[in-house]
Amino acid sequence: MKTFAANILLTVAWAMLMGSLSLFTLASGFVLGFAILWVLQPLVGGPDSYFLRVWYWIKLIVMFHYELVVSSLGVIWDILTPQHLSTPAVIDVPLDVKSDAGILLVTNLISLTPGTLSIDVSPDRKVLRVHAMFAEDPEAIVHQLKSGMERWVIDAVEDR
Amino acid sequence: MAGGRRGNGLAGVLPIAISAALFLYFLAMIPDVAASGALVIHWQWVPSLDIALSWRLDGLSLTFALLISGIGTLVMLYSNSYLRGHPQYARFALFLTSFMLAMLGLVLSDNLIALFVFWELTTITSYLLIGFGHETPKGRRSALQALFVTGAGALAMLAGLILLGRAAGSFELSDILRMGPEIRAHEHYTAILILVLAGAFTKSAQVPFHFWLPNAMAAPTPVSAFLHSATMVKAGVYLMARLHPTLSGTDAWLWSLTIAGAVTAVYASFKALSQTDLKQALAYTTLMALGTLTLFLGQQSGYAITAFATFLIVHSLYKAALFLVVGCIDHATGTREAEVLGGLARAMPITAAAAALSALSMAGFPPFLGFIGKELKYAGALAVASEPMFVAGAVLLSNALMLAVAGVVAFRPFWRRNEQPLPRAPHEAPWPMLAGPVILAILGALFGLWPDLLQTTLVDRTVQAVTGGDLEAKELKLWAGVNMPLILSIATFVLGLLLYAVHRPLRRGLQAFFARMISLDGRWDGFLDAVKGLSAWQTRTIQNGRLQSYLTITFAVVLVTLGGTMLARQVWPAAPEVGEVRWSHIAIVLLIIGGTLLAAFTRSRITAVAGLGVVGIGVAMVFIVFGAPDVAITQLLVETLVVVLVAVAMLRLPFLDRKGESDWRPGHLLLGTALGATVTAILLAVLETPLDRRLTDFFETASWPEAFGRNVVNVILVDFRALDTFGEIAVVVIAALAAYALLRTTAGRRP
Amino acid sequence: METLLAVTVGILIGAAVYLMLARNVMRFIFGLVLISNAANLIIFTAGRLTPGAPPLIPEGADAPADVVANALPQALVLTAIVIGFGLFAFALVLVFRAYATLGTLESDRMRVAEPDEGAAP
Amino acid sequence: MTEVISGVLILIGCGMAVIAALGLIRLPDVLIRMHASTKVGTLSCGLTMAAVAVHFIELAVAVRCIAIIVFLLMTAPIAGHMIGRAALRTGVPMWRGTPRKDG
Amino acid sequence: MTGTEFLLICVDIGFGLVIVALILAFWRLMRGPSLPDRVVALDFMTVAVVAFCGLASIRTDDRAFLDVAVVMALVGFLATVALARFAERRQARESGEEEELS
Amino acid sequence: MSWILALPIAVPFATAVLAFLARHSAAGRWLSVAGNAALLVAAVLLMGTVWNEGVIAAQMGGWPAPFGITLVADLLSGVMVLITAITGLAVSVYALGDINERKEYLGYHALFNVLIAGVCGAFLTGDLFNLYVWFEVMLIASFGLLILGGKPEQIDGGIKYVTLNLVSTILFLSGIGLLYGMTGTLNMADLAQAVDGVENQGLLTVVAMTFMIAFGVKAAVFPLFFWLPAAYHTPAFSVSAVFAGLLTKVGVYALIRMFTLIFDHDTGFTHTILLWVAAFTMVTGVLGAAAQSDFRKILSFHIVSQIGYMILGLALYTPMALVGAVFYLVHHIVVKANLFLIAGVSQRITGGSDVYRIGGLYKSAPLLAVLFIIPAFSLAGFPPLSGFWAKYIIVKAALEAQGWLIAGIALAVGLMTIYSMTKIWAEAFWKAHPDGRQPRLTDMPQAHRRPMLLAIGGLATLTVIIGLVPEPFVQFAERAAAQLLDPAAYVAAVLGDPG
Amino acid sequence: MRSVILRVGTRYLVGLLLLFSVYMLLRGHNQPGGGFIGGLIGSTGFVLYAIGCGTAEARAALRVMPQSIAMVGLGIALVAGLIAGLFGDAFFTGQWLFLGADKSDPSDKGLPLSTVLVFDIGVYLVVFGAILTLVFAMEEEI
């Protein structure tokens, strides 16, 4: 099912790129998408359902942008002020998210919000190592990440 | 050498048949030539270059042709026994026959260039024949020496012949021989003369180019008999005789030939007497004969030319005979040492007889042809226009020495008491080996008794050919009355017998003398070493294996050439027009320059790569700013791949500099800066010229209506200039294949 | 700007030559990248510079309406870039392999094909 | 109106680019600098792209702008993660003793 | 001042700012000191070029440069990944023995 | 008509693709032979057409000159393509015995045939940038062939070969850019006309010099030849044969083409430089050979030396001299390729390449001796082999131009060539093998021996034929030279008659 | 050594890059793009794959040896040039077929199919295959 969804997605993306929604572009996009997915067959995981999660997605996107803008200001402030305000630290965050997409989203979103930067995921995918710029209280940061970004992502992409 | 049980089969018989047939053919031509003077046949070969296989049969060439094919027949016959069963006989026969044919071609050619072709063919075939004993260093050295010396002369001669042909407007001897006065007056006459004589003197082993000839005796004896007495060495003499009507008659001609001939004759005579190896002794007497012949060719008198013609034949007959005799001796006893040999007359009576007859002819005793030859020599010498006594003296001295040598070579081994044991018990040679010496010796006597036979058939026409018909041949006769030549002849006998009597102490003295003299043969190795040394030095200097040096020279050449041309042609850009420059452009340029300098001067690899990345980005920005999105995209993609590949490769590569070493090279920086400045100047100058945009205009207007594409760049790539793109993708494919092969060949990889 | 680019080309070439003459052949590779860029810029500049306007024909037109950048040098440069990349890639792999085989990147120690006669093998 | 919007977006976006670059210069260690470059850089780029989309108001352009932003959002963190990991693993010196755990 | 004029001024200022950013990043690239520092700088420069392309497309009113930007956004990251991996693996290989000369 | 010009490029490419896809089986190598035979047929057709109809041109893609790319063949191009096809066929046959399966798997046949395609392209193109592309095709294919095998000396030689050739390539490319900037065109016939309109003729000379150096490196002239002796003795013998025969000649060809068709505005300067270059090239090459003892190193330096003669032909710039240059080109390709092939057989049966450490070939491999002496003595300029005529015409031209010194140098270099050839002959053939070996041709398996000797014998026969019947070749060269000196027909064929 | 994040990210990026590469190939005749650019972008996808997941996986996903792809690409480009011969035109003369073109309206050319496109596809495959040949081989060396 997930494969089919991905195929549709690719077909639509193709049609948009070609700038027309004619039968030909859709057909060619479908064939092309099929071909690409076929090439990537070994990588695509198990079944999934996409369509129930629209709400969680929207929430995720909105919250992410909010975080992005707000915390950017902190970094900018630090850059522009003469003395360095940061108290950097490398923190290990236990991970609950399991799926590929989930891990990618979590790590990317954490990286994209200023102040935190995903550095590594342990090979067993249990621990995320994060570099935090303002880490007076590492526990608080772990809590904030788990209840914020990771929660939203799990809601959006994981089957539970 | 001999002793094989097998015969030589077809390889043995065929050459004999060919040469005999040719001999008979030329014999049959005697009346025609005698009647008409010269027969000329013209076959096309390379008309575009005025080169024809045209043949000329006159007295001179007929004489040579008869000697070549006649002696050739006998030598072939002789060889077939001498080298019986030799595993390489077929090659030998091939080379010898080819040589004979080449020699015939040489003397019969009417075209100068064809003559040269045959000339070189004799060089090659004689090289192969001298190198018959190829497994010994001496054999190889001798062959190379002969080839190199005669080859050098030949190349000079080629230049001379080309100039001669240009001066005459034709390469045909038939034309050239008629143009003596014009040629001698030509501005290039001296050059022609020097160059042609260079070829003739080297081939005929005139001092100082003589040293190869004795070494060439490394060849089997029949080869020596044929090549180094009767034929090849006389090619030089032939050429001088051939061109006599055209080139002779000037002081330059007279003196160069006279001096070279006289010096060679006297030097060779002494040298001959100093030898103990019979074959070496004969080799030097050959030199002497060549000197004498050259000396006569220097002159213009009828006597001199008649002497030349006669002595040419005389010498060929007795010298070939004696060489073959020495071969028989060697064959029978296993040695050629004069001091070892003795008392062979009893075991080898026929050989002894042939030797005696030939030696008497060589010594110039009457009634042999040698006597007539000698008389004529004196007559010729005395007829020399200037300094006759000098010439006559030289001839007298060399003749006397020759007489002594004849005694040493052909008398003593047979008739003196045997003092030392011989390597083998002597026995008479088989008849095919005897046929040659005997027939030649008898001919020597026969012609002596009936000189008219020779006079009418060959000598008259030869003299006519050599003099261009200007002079009549003098009469050949045994008794010409008591005259100056006769007195000189008697003096020769006296002096010669005297020399023979004291030849052993004299030989020791001469050997001591020559040992102190400069040996050109010894210098030969020095010369080769010098060539090798020079070339090794050059290789060390230029091709030194150091890439840095190669690249430095290459860039320096670029700088010097471009800069020099700019100076020579006064090319400078006008004051650069800064025009409309935006500061964003300046910033991009600064970015490129910054990246460049970073890449150039950093000691860190990754910084260098990053610098290259910056340059790539900067250049891409130039493409963006000036409306080249396709190029910019490609540039960025390629730049990315460059960085990726370098990053992968560098994982296995060492640091740029060794620890503690710096890479600061001000000289190279200067070179680079100068080169960069030069290119900038050229580019600025180019930008001052107006650009013709008609190609682009065509592309812009044809792109959509005719090629159905709106991206003009892409249409150029895949349609207007698709062939470029096709070649380009071939480069890409092959680069990948090549790199793959490079990575996947397992040989030579270090652990 | 053409003048500026001409100067840039000169500097690129100067630096490239300096790099190419280094003992370490890896620097030659760096120089090669620089000098290829220089050659491409020469072609691009020699075709003269037109700010902006890429050589694209708008929909509905048969030819570019205004003066657009010279398309031919662009095509040439594009070809040269790709060819240059092929050559560069091979050269890089060669250097890489040379280190694996010869154990050095210093050109004066690469003496297998042309051994130093004075030195021991 | 669109001109003004996109103009402002450009000013903010490019201003942020400069700030991010300043961060590259000013901030004390490599990991902290990455905070500036990765996200402020991405943000500035995103704003500029938004300006482009606003300027053209055209589906094809908007798609491309969104594509660029999505690409950047996907790739920038991954790149940052790779660099940060390398810095951490290779022991690049950290400012004011950023606590490290070996593993 | 019309909107178009305003936009053009903004674009020109934008060009200037992006180039300033590029030059600052170049400074970091040059200075290092560590390998990851340089990689960060290069990565930032590729992102800045994406912005540059966007500005170019507004300035020339030509969509073609957006394609350049798309490509840059897609592949710039590849170089960064390769260099980062290089930085990491090289150290692993040489077990921290030598810091890159700089 | 247009396909006659395109086929010599298309056929080897098709061969390369098919042979590569069949690289896992023996079909690959037979495809290569068949492809080269087909190329020979195409080349003969081309030659016949050019001989009968004069200069022919074809517009690729159907776009008129000077806008599209023109392929054009005059007699020089035609004969170069023909001789390329002959060499290609000979070497592909020889490769049946010389190239092992590992090399085939790694793409030998593809590399080889693309090389041939590049060479043909370079000879046929009438477009300067397209010429650059074909040079690159050749260059990269030669890189691949050079290092195939991966021996340390190949890698080392490869480094020098690659670096120096890349410098020349860049110079060539820059030269094209500059020339385009001055004239706005790339079509060579068009350029021939456009350069006359260039106001700054001095600048044109400067730009001409970039081409002279770029092609000079390719042609391996003094003092730019280092890459050649550094590398040519290292690859497989088939490879070095085709390198020796063809690659430098493309440089010479390009020099001839550029400096007769386009850059004839300042011959007093450009061609005088060429004359000096020729002299030094001849001398340094031949001296270099004298210092060598490796079979192929000797031959390699002789390539340099012989290139000097061809450049001399161009430098003298008289009809006769160009006849000589053309004749020399043809002769030398056949002879030099063959000598390298023979070196391969020698190495196989004697087990070495240093002539001082091998020997005995004359005694136990007489057929090889005959086959060697033909090209060797031809190279040395002995009549009546092809090399004699080549050298004769050049020397004659030099003398006619009153170039006494240069003629003397040419002759002296000929003498030194004799010296080198006889060194090989004396050491490898005459001398007994130092190890007492009796190197026999039958030491090689029949499946290798037959094709290798067939190739060598075929080329040797050609040498003898040119030597014994030079007239058609001379006539041919005369017509070719006349075309070179009067490019009107060339220009008309490409750009179309005004009428 | 391998990074989980990169590995996961790669899975999503490769598909996008391939899609984008074909898009750039097909629009190249009218907009920036074409065979080179397409091939380069497509290959960067698999290069990323090789870096992120290892060469073995990348080769497995590709299924065909990249050098064969490149060679086939060259063959396709050659055929695109040779096809002109069937129609009596010179080497590399573009042959066009307009599917569903409106004859009365010159601006409506319908769906153009051409040897030029075939040629560009050949270029794409060549660049794609060649770069992967190189990168895979190099990656396998370290």
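Read from first to last, the chains carry the letters A, B, C, D, E, F and G; within each, the first residue is number 1.
As a convention for this text, contacts are C-beta pairs under 8 Å (C-beta built on N, C-alpha and C of every residue); 3 or more make two chains touch, one makes a residue touch a chain.
Because the structure is a prediction, the values reported are computed rather than measured.
K.L.:
If each hop has to land on a touching chain, what is the smallest number of hops from subunit F to subunit G?
P.N.:
Each step joins two touching chains, and the minimum needed here is 1.
K.L.:
Give me the ID of the chain with the smallest distance between its Cα centroid and the all-protein Cα centroid.
P.N.:
Closest to the centre of all protein C-alpha atoms: chain F.
K.L.:
Go through D-E and D-G and name the pair with more C-beta contacts between its chains.
P.N.:
D-E
K.L.:
If you average the Cα atoms per chain, which one ends up farthest from subunit B?
P.N.:
In terms of C-alpha centroids, the chain at the greatest distance from subunit B is A.
K.L.:
Mind checking the centre-to-centre distance between subunit A and subunit D? Centres are C-alpha means, answer in whole Å.
P.N.:
Roughly 16 Å, centre to centre.
K.L.:
Find the geometric centre of each of subunit B and subunit G from their Cα atoms only, then give the gap between the two centres in Å, rounded to an integer.
P.N.:
Here subunit B and subunit G have centroids separated by 61 Å.
K.L.:
Counting only Cα atoms for the centres, state how far subunit E is from subunit G in Å.
P.N.:
The mean C-alpha positions of subunit E and subunit G differ by 27 Å.
K.L.:
Roughly how far is subunit A from subunit B, centre to centre by C-alpha average, rounded to an integer in Å?
P.N.:
84
K.L.:
Residue numbers in subunit C touching 2 or more other chains?
P.N.:
Correct list: 20, 25, 28, 38, 42, 44-48, 52-54, 56, 72, 78-79, 82-83, 86-87, 89-90, 93-97, 101-102, 107, 110-111, 113-114.
K.L.:
Could you pull out the residues of subunit F that touch at least 2 other chains?
P.N.:
9, 13, 20, 60-61, 71, 107, 110, 129, 133, 136, 140, 143-144, 147, 150, 152, 154-155, 159-160, 163, 167, 174, 178, 181, 229-230
K.L.:
Would you please write down the residue numbers of subunit A that are in contact with two or more other chains?
P.N.:
17, 107-108, 118, 120
K.L.:
Would you mind giving me the full set of chain pairs in touch?
P.N.:
Result of the pairwise touch check is A-D, A-G, B-C, B-E, B-F, B-G, C-E, C-F, C-G, D-E, D-G, E-G, F-G.
K.L.:
Under the stated contact criterion, what part of subunit E meets subunit B in this complex?
P.N.:
12, 15-16, 19, 22-23, 26, 29-30, 32, 35, 38-39, 41-42, 45-46, 49, 52-53, 56, 60, 62, 64-65, 67-68, 71-72, 75-76, 78-79, 82-83, 85-87, 89-90, 93, 98, 100-102
K.L.:
Would you tell me which residues of subunit G are touching subunit F in their complex?
P.N.:
Result: residues 67-68, 71-72, 74-75, 78, 81-82, 84-85, 89-94 of subunit G touch subunit F.
K.L.:
Under the touch definition given earlier, write down the residues of subunit F that touch subunit C in their complex.
P.N.:
Result: residues 129, 133, 136, 139-140, 143-144, 147, 150, 152-160, 162-163, 166-167, 169-170, 173-174, 176-178, 180-181, 229-231, 233-234 of subunit F touch subunit C.
K.L.:
Across the complex, what residues on subunit G touch subunit E?
P.N.:
1, 6, 13, 16-17, 20, 24, 31-33, 37, 41, 44, 47-48, 51-52, 142
K.L.:
Using the touch rule from the top, collect the residues of subunit G that touch subunit A in their complex.
P.N.:
2-5, 8-9, 11-12, 14-15, 18-20, 22-23, 26-27, 53, 57, 60-63, 111
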